[in-house]
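Letters A, B, C and D name the chains as they come in the text, with residue numbers starting at 1 for each one.
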């Protein structure tokens, strides 16, 4: 009878939060780097993969009435949002209806047109994603692509985070958000270090888990592993060396990556055994356990540079400060305890 | 030999109990026994009186910023 | 907007009455920025109470349709704009050692800050600890209190945010009492910072509620000692300006008074605290004081174990952790100093987290009306911009009614939300990233069995789209003449 | 709100026999809708299984769920068993093949199935647009609500509707007319979506009396939720039962048919949002957009929230709908009416009036929070806690004291005596209250006689043993 006060209500509210399944926004980032897909053509073709991804998107939408998706594609020349289309959902429907009437006249237009046998919400998303992705794949210059090895993963992540920020945090919609990065992992792929790290920190700060599904035969992407580790996401490498094949992509996606962030505290996630956080020396490219770090620009070196200048920011180090470091670095730091 | 007294057991908040005690304080003809903070034993014939007085007191003690308006609608 | 440099100097040199250092890149606050700092400083430079009274409803103007939607949106935007900070690249002291000194004296019982000064400051200090370590992962923090004329230690210099937060939570129960002693607190801070190596910064942040200091000796001597020890002080006053605090700030910051701020309201306090989380820009004098150096650091590897084992850092059994590469002792959390051999242990990601201080994202520029038609959607979140007529004349001169902000590098247009997000959280320009070129391109070379090494190559596309490589210049503030390019002959370049 | 209908429909489904359920699962649209009603863990489990050709091992499921969440797992499994989606053998869990096949079909598409409705392939000569459908839905639905509130707007709903209202106990016959019941008042406080579900569930119950096939009825309801607004659908794919249903649904405003003999029908927004919560989950900027675009000028749109409640109990409601105002009038002392809003105050009298009508404090609070203005929804507590507490207190105040007739037993000789007697009273089940410290207890009126006799017996026994 006397139990009405603020504290008890608050407790109840938070309890509800955990039990209640809030809808979630899934941001899927798809690798649209054509040469990479060519490389694993024997295992899975891009159209098969896209079909699997679409099923996965549908599955995500099926989980909750208000779930939504955001699809981003990236290749060597950049990243862009494939879904939702710019003009918002309302006009897509009308556009799509136009398209449909067009396609009737044109005969066959999109690769696979699913008529009324599909749930309306799924159909809208699938069609837009498919068309846009196909546009993206067709409009890229293959020759150029071959040459360029830098990837716009950082761009795609930035877009995803920006989108989530706007639609979840600025709009204060009660949604959870997560990112799934589907990468083929070209073996010569280069990732922009600082922007990617910035993305990871932003995701960490906003508590957005970043899941990574890697298909290609290339070695593990250390950055992406770090991304998963620091944002509590799932990292899965679906390649032959883990005796997995991208053929069953849809099954891997549905069993590994479907779990909603709200459910994750309750289930055992596939864990990464060891994430490499060690650094490499800027000068010798050697992996270092113990290294020298420039106090100005934080570059890592395994030895004191011969000319006493930092190789990256060109700061000159004074003789005096280096003298202390010249010896085998076992000097114990003095810890002074000062009594008030 | 234990004593059995006929009465009405009242279960209420401590605040309401205080009010009943207050009502009783003028004539001491209501309360038979104060059992604890939330229980009282009162005279069987006085139940309706208590309820009435209580309602009146509660209404008096309710803060109503627009007394007039509320009266006007007469709900 | 292009003269943001001059703007900055102006603020350093003059305006001592304003108390608050002004870092906003906008000269004039848009009208009616709703209780913001700028509101207090009126155009004529006088006090706010000397100015004509502004009625909030005078600010709002209806458009032709009689709708307020436009004005309301403008006000909302103006509020968000305040967050945009100065972003000229400075050389900064990245490895910091900061002592936070909180006032626990009688003056903190005042309730002009809700619920009272004491609770308010502690709550914000807890937030500050989180932000500080978020921004400065390889730095150290210690907390002191001033109470009963003594300096009391709340938490010692350390890099684990939880230790500090727990200490502060425990300190909430202390009743503020007695007089504060600035001198005792500064002396204690000086002692704590004594052993700090020269390549790190030594800083003191004082939050002072009282207007007095009950000192046992001559505080001027202490201030001189701080100067000799190269400790830099920043003071946030809760009541009014105190001469000794100003002297402290001016002397320890090479004549710069902008490190002393007196709060106007709750929000302003938050802003002043946030300012202290950004690493200090290194001036030439301070640079000579803290010569660049190499620091020995260990990069431990993560281990996962089936059974818990003893962790040296918190003297308890823990499952998994990191192994110090030098003495092989296990610690449970990073960054930390190895309790056994004293080596600084960090992850390479911690270093990466400080990079955005070194390479800040250039501020976005408000798009003038004549260019507004170029874009229809935000390049970040794809939300639709308000349509602006090309010959719109009725647009107020001060506010950006186009609601578009342009990245100076990739010329993409962004909405205010994405602008704030890019600068505050992401530190990337979404447009530059999505187009796969950026100001600083870091080329990563793979290595067989370790994290890739990185090499930074500067790329800056010219306005007409062509890309040209130019080295980065790290700017150093001259104390008297204002900012200047580091003209020491060879500009520092990234890469070989 | 939504969880209420979720629970009730779940309960209904769980009560169905396996054969009926399996027949139900033959429609992909139904599978999808049922799937969404399941708890989160169940959905994740099923997703992992539907593309897996082999049955999943029980051990795998056990390993998937953290030991700390075992309770959740057991509840989930029980639910899935009841719905006959899972069959468990010794070592494996087998998913209902019909369910599996059709949920897959829903996700993948491709197969020709008619569960998502068959659009008309011919052009409609009398084509209607979305705005018309919205207007139609609102006018039909509000007519029912107005009828219930009693603010008659000239038209009375059809007999089918009146029957349903009577059958569901929302209204009761009284002197030739119908009178709203307490359940009816509660119904009014629900949001539109929940109201429709309440009616549809009642319809489902009623259909059994009318000897309609529940599978057909459910399939049709779930199908409606997956239709596209503004699209016309052909009647040809519907069964006889469903065609019959269509007539009733037309009266509720859920579908639109130009005339009864028409061969096509249009779902309205009431239908297409049946299985979605978009209205309830509208974000601030979206509703701004909706307001500026002004495509939906109905109470359906206004549902997104129009009430501002201040800590001083003043209430501002941005609405001009007479219906909303009538509903508010149930528990608010309305004062002023402006062109686009009404102001009023919640006070003791107005709440007591509502309480005396059978509306509970909980319902008032839920109504207010569901219809809270988006600006209020952004806050930590949607409603001011003081007001919420006060409304609850007012409800308690209605019943501040509980009075029970009885006998007070006191002045026991010693604790043993007290204990024996009170234990006896407890065993009899007549003990109302006891205070061992004071050695007093209260028994019911009826029990007192027995206790008195027990005391006498006990005393005699003691006396004799003492002698």
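To be clear about the criterion, a contact is a pair of C-beta atoms (placed from the backbone, for glycine too) under 8 Å apart; a residue touches a chain by one contact, two chains touch by 3 or more.
Values in this document were obtained by computation on a predicted structure and should not be read as measured data.
Centrality by Cα centroid goes to chain A. Judged by contacting C-beta pairs, the busier of the interfaces B-D and A-C is A-C. Chain geometry summary: the mean Cα position of chain B and that of chain D are 38 Å apart. Here the spacing of chain A and chain C, counted between their Cα centres, is 28 Å.
Mean C-alpha position of chain B lies 62 Å from that of chain C. For the pair chain C and chain D, the distance between C-alpha centroids works out to 50 Å.
Across the assembly, chain D contributes residues 285 that each touch 2 or more other chains. Residues of chain A found to touch two or more other chains are 1, 167, 170.
In chain B, the positions touching at least two other chains are 13. Those residues of chain D that touch chain A in the shared complex are 3, 28-29, 32, 35-36, 39-41, 43-44, 47-48, 50-52, 63-66, 68-69, 72, 105-114, 116-119, 226-228, 275-278, 281, 283-286, 377-378, 381, 385, 388-389, 392-393, 396.
Considering their complex, residues 91, 94-95, 134, 150-153, 156, 184, 188, 191-192, 194-195, 198-200, 291-304, 325-326, 337, 341-343, 347-349, 351-356, 358-359, 376-378, 380-384, 415, 417-418, 421-422, 425-430, 433-436, 438, 440-447, 449-456, 474, 490, 492-496 of chain C touch chain A. On chain A, the positions that touch chain C within their shared complex are 76-81, 84, 86-88, 150, 152, 154-159, 161-163, 165-167, 170, 190-195, 197-202, 205-206, 219, 222-223, 226, 230, 273-282, 285, 287-298, 300-301, 304, 310-318, 320-322, 325, 329-338, 340. Those residues of chain D whose C-beta lies close enough to touch chain B in the complex are 312-313, 333, 335, 345, 347-350, 352-353, 397, 400-413, 417-418, 421, 432-433, 435, 438, 440, 442, 448, 451-452, 455, 459.
Every residue of chain B that touches chain D in the complex is listed here, in rising order: 1-13, 16, 20, 32-33, 35-36, 39, 41, 44, 47, 50-51, 54, 58-59, 62, 64-66, 69-70, 73, 75.
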